[in-house]
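Both complexes shown next keep subunit A, but they swap its partner, so subunit B is in the first and subunit C is in the second.
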Partner chain A sequence: MEKTKSFNVKKFMSDNAIILLVLALAIFTGLTTDNFFTGRNFSNLFINMSPRFIIACGVSGCLITKGTDLSAGRQVGLAACLAAMMLQDITYAARMLPWFPDIPWFAALLIVMVIMGIIGAINGCVIAFLKVPPFIATLGMQTIVYGACQIITNNQPLGGFKKSYSNVALGSLGGFPFLAIFAVIVGVYFLFLYNKTRHGKYMYAIGGNESAAQVAGVNVTATIIRIYLLAGMMYGLAGFLVGAKAGGASTATGFGYELEAIAACTIGGVSANGGVGRVSGILVGVLVFEALKICLQFLGVDPAYTFVAQGLVIIIAVALDLRKYLAKK
Partner chain B sequence: MDGEKQPQKRERRDKSELNAFENLYENFRNVPLKYLDIFIGLCVAALVLVIALGVMNR
Partner chain C sequence: MSEYRLEMNGVVKTFPGVKALDHAQLKLRPGTVHALMGENGAGKSTLMKCMFGIYHMDEGEVIYEGQKVDINGPLDALNRGIAMVHQELQPIPERSIGENIYVGRYPVKRLGPIVTIDHDKMYEDAARVLKEVHLNYDPKAKLGTLSVSQMQLVEIAKAVSADCKVLILDEPTSSLTAAEVEALFTIVNELREKGVSIVYISHKMDEILRISDEVTIMRDGQYVGTWSAKELTTDFIITKMVGRELSNLYPKRENVPGEAVFEVEDFTSINPKSFRHATFNVRKGEILGVAGLVGAQRTELMEGLFGLRCHSAGRIIYKGKELKIDQPQDAIRNGIALLTEDRRATGILGVLSIADNVSIASLSQYLIGGIMLDDGKIEKLVRDNVAKLSIKTPSSKTQIQSLSGGNQQKVLISRWLANSPDVFIMDEPTRGIDVGAKYEIYCIIAELAKQGKSIIMISSEMSELIGMADRIMVMCDGRVTGFIDGKDANQENIMALATQFE
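And now, the complex of A and B:
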């Protein structure tokens, strides 16, 4: 007898509970408020999503290999501060580094990405060589980076950016914001990296079964270091963009971004238990999380309630991931 | 020889070698799915309640 695949509504609802919930909230917001379903609002949504998507792409590699990166948010903050220090206007009176030469924004971006890549590589080395659990290693790095950021900025907020840097966030190409273009490039790169390269295959193999991957000849150590290095570079890029978008940077920049990124990845189907995750899923996860924030903002909900709602969404996402894990056992 | 030794060493992985999430998930191994579903349902209800309260208190 031929078996037919029936659509399991309960399973679909359970797997996509948060997405459906936020979709319902978006429809409710659109029907009860003005200007929600407008091009401008969607443009703002994509601009807000862009740096978060880049961070989530970086974190996703760590999650797929059964790791995590709690230093992501603080690294974004450090990157924003570094970019801000290098790209303050030459005529700005309160310049943090008066001796620093006037360099183009892409040179500063390169420097920031290299520095953050080194920090990411240190994370990777600690995890791969010293076998420190990623949770602990990146928690330590989070505190180190935060402290370093306070030292180099003297705890002072940075502003007075040169115009070319601000334009990175404010400009657009054919009506398409530059920030979104950066995100699209990163998305396409990760799509290629995860699906078409040996590195991507190694990454999923390590996440699925590290011992089996090692026996099969995968260089686990090198792959893990590469993943964290790349993640660091992505935080560098995201920090650079966050600084440009905000028009300023301080030690508080990037606070809590790591949890948002991990939550977005989990909502998008990247299992915290490793071996599973797609770039399209990450995009959906980031979209859902940002849409939730924008909906609550439109509804005039107090930010305190928004934090509670975000926390609940994270708990639900992890609980759903746990449910999938237990159902497989 | 190394290839033979490696899996044996890995098989003996104790709980402390697992990452935080793996440990966390393994702790729930004996929890019936029914209870987890109830927990998720309660969280969803709480989320709806928080949003409703937020909208009413604006």
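And now, the complex of A and C:
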């Protein structure tokens, strides 16, 4: 087969339609409103992106192996609530767990990540051993986690965090917000994991062709469990950060985050057909999705309409992705 | 009216980056069987898809019954009396045979404004067309209860039910047993007598020479020529298909079988209908052919040995040591490789690169510090294999699915060679590969045997087994029915063992 080297403008436009559209929207917003192209706004953008990028990295493994994780958002919520319960200031009167000792924030982070990792591993086991389709398995888990979160928090919102916890979100190091540093560490880790390790290669192989991967000696079961486990840990980290940033947590925290993450991955080229997806793409996807939200906010669009726009972007992104695949047939 | 039922002239069809058809032509006479031949990728299926309206051609014309026509899609083609049986079946196994035959054109009855499907008429008609093609099935039975070959015959019944004037059969016998092929030929002959023009695509020379009246050969999307089947020989057809002389179909083998190294004793599936009591051995440096009809459970037996299927009894002994194989990883660790039958379903990782496809089974060998993959080593492995097996690819980053069948197969062979296996099981290693590339695969197999590897080669092409194997094991209905020395093997003694039903 001959290779067509020449640059195809039309193909480039359709392959990157959403990205170009949001770029155009950003330029339009910048020109028609004040304070859009400011350092503060960009800093805000990056801070908003950080937890979402971490969630998207987590869910990307599920998507690359033709799965999904609908429990991501609720897991983020549960993680935020758990962290909040452990890190309420010792002097705060309405402490939910008065008996709980004063522990450093990183100990709480570790505990949250372990708990969420266990939930993720359960997702992975249900999918890998019981062969429940990921959509159904994680839909069930979404509801379970939401219920569990209501039970342990008694449906009460949590606040009154100790300073060191709030500082995780507010502080910065050499001008870089802590949140962004977390995101960078996660990004580098996933970059390494996806490109330089057996786990990464096995993940792409399972996404490309699960039966063939099995024949080639890939331990499909273990790889899938590891993917969902890692995803859970990422939701744990993200939830911890979301809680710190908001200065409070409730059962509503994290609502809808799974869809944002899946949408960001898809915009960034993680194919719904499996086997394809890069960390750089995920970053672009998250950036585009957050930029879209900020633009609409700057343009004064009613939040209700913003949801409509976000939903449309999700559908269009998947449709365009699948079109790429269909065109190859 | 011209002498032709259907003519296709100057057909050009371009896909991104490749000219699939370059002024191809085909002229069908009424009441004849017209064989369409060519290597894979020669454009046969593409030409047929143009005729059937699945593809829209860029240039060229179709003249049907003396009139220039424009076929807009499969439904339009069917309405004009052109039917096609596809190479890859598209069955709906959970629905009845009758529904599968009439899907998309169900007979209906009207109750005022309400239109419903006339099930009685559908099943009556279905029973009639099934009878017409000598199939004795209940049209109300689920299609999924039939075997693949029976489904294929149902597919032919579906085409016949459309009262077609032109019938396209794209590799109709690829999954049929000898008896079913005979049944198909009877149907084809009856249709020919009724005046139907049949386009017959197949790679099997003996079939072509037996059933067809005329043969059109294509190469690289171009028309090579049309001949009367009577005046053709196998060698002539191959020369025209390949465009060069192929002196020998099989390479000279220099392997010397040694002592038995891989022994299988009483190997029995957990499924009573599958392989049972299989006992055989393979010697060092031996090519053991495995013959049998479709349903002989050869693939199942090999997948069982490789840990892809469960067994209830039996032992696998390698160099005097018993192996415990429960999953493919166990087999791979013990130096066994399996090239699967269905390359697309269980072989290639389609969207991944050549490099990933070559290295996936041996990644543990290229770790730095037990964690990080050594890209340099992997790149070298891929480069070496691409050169050694002369894999034709633009780069090691190319997606494997964009390669031809033969090159994909070579990539899969290199995947296993990277593990230096001692026992290499190859299930239909040349299926769907064109004549030129087949020879290269044979050379690789011969070379591996010469290096002392034990090769187990399943093949449904008897000539391939006779040409390549030192010894042929024949299976029938899940049992090993006998062994024939390669030198003494012929179609008759293989078939005798392959049809030894209990």
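Assume the second predicted complex is superposed on the first by the 325 of 329 C-alpha atoms of A that agree within 3 Å, B and C clash if a C-alpha of one lies under 4 Å from a C-alpha of the other, contacts with A are read in each partner's own complex, and residues count from 1 in each chain.
Methods note: a residue touches a chain if its C-beta (ideal position, glycine included) is under 8 Å from a C-beta of that chain, and two chains touch if they have at least 3 such contacts.
Not measured: the values here are computed from a predicted model.
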item	value
Which of subunit B and subunit C A:276 touches, first, second, both or neither	second
First (subunit B), second (subunit C), both or neither touched by A:201	second
Which of subunit B and subunit C A:308 touches, first, second, both or neither	first
Partner chain in contact with A:169 - subunit B first, subunit C second, else both or neither	neither
First (subunit B), second (subunit C), both or neither touched by A:319	first
Partner chain in contact with A:186 - subunit B first, subunit C second, else both or neither	neither
Subunit B versus subunit C as contact partner of A:215, first or second or both or neither	both
More subunit A residues in contact - subunit B or subunit C	B
Contact residues common to both interfaces of subunit A (with subunit B and with subunit C)	211, 214-215, 273-274
Subunit C partner contacts - residues on subunit A that touch it in the complex	1-4, 192, 196-198, 201-202, 204-205, 207-209, 211-219, 271, 273-276
Interfacial residue positions of subunit C with respect to subunit A in the complex	16-18, 306, 308, 327-329, 332, 338, 340, 345-352, 356, 359-361, 363-364, 367, 371-373, 375, 394, 402, 415
Of subunit B, residues touching subunit A in the complex	3, 6-7, 10-11, 17, 19-22, 24-25, 28-29, 31, 33, 36-37, 39-40, 43-44, 46-48, 50-51, 53-55, 57-58
List of subunit A residues in touch with subunit B within their complex	14, 17, 21, 25, 66-68, 131, 133-135, 210-211, 214-215, 272-274, 296, 299-302, 305-306, 308-309, 312-313, 315-316, 319-320, 322-323, 325-327, 329
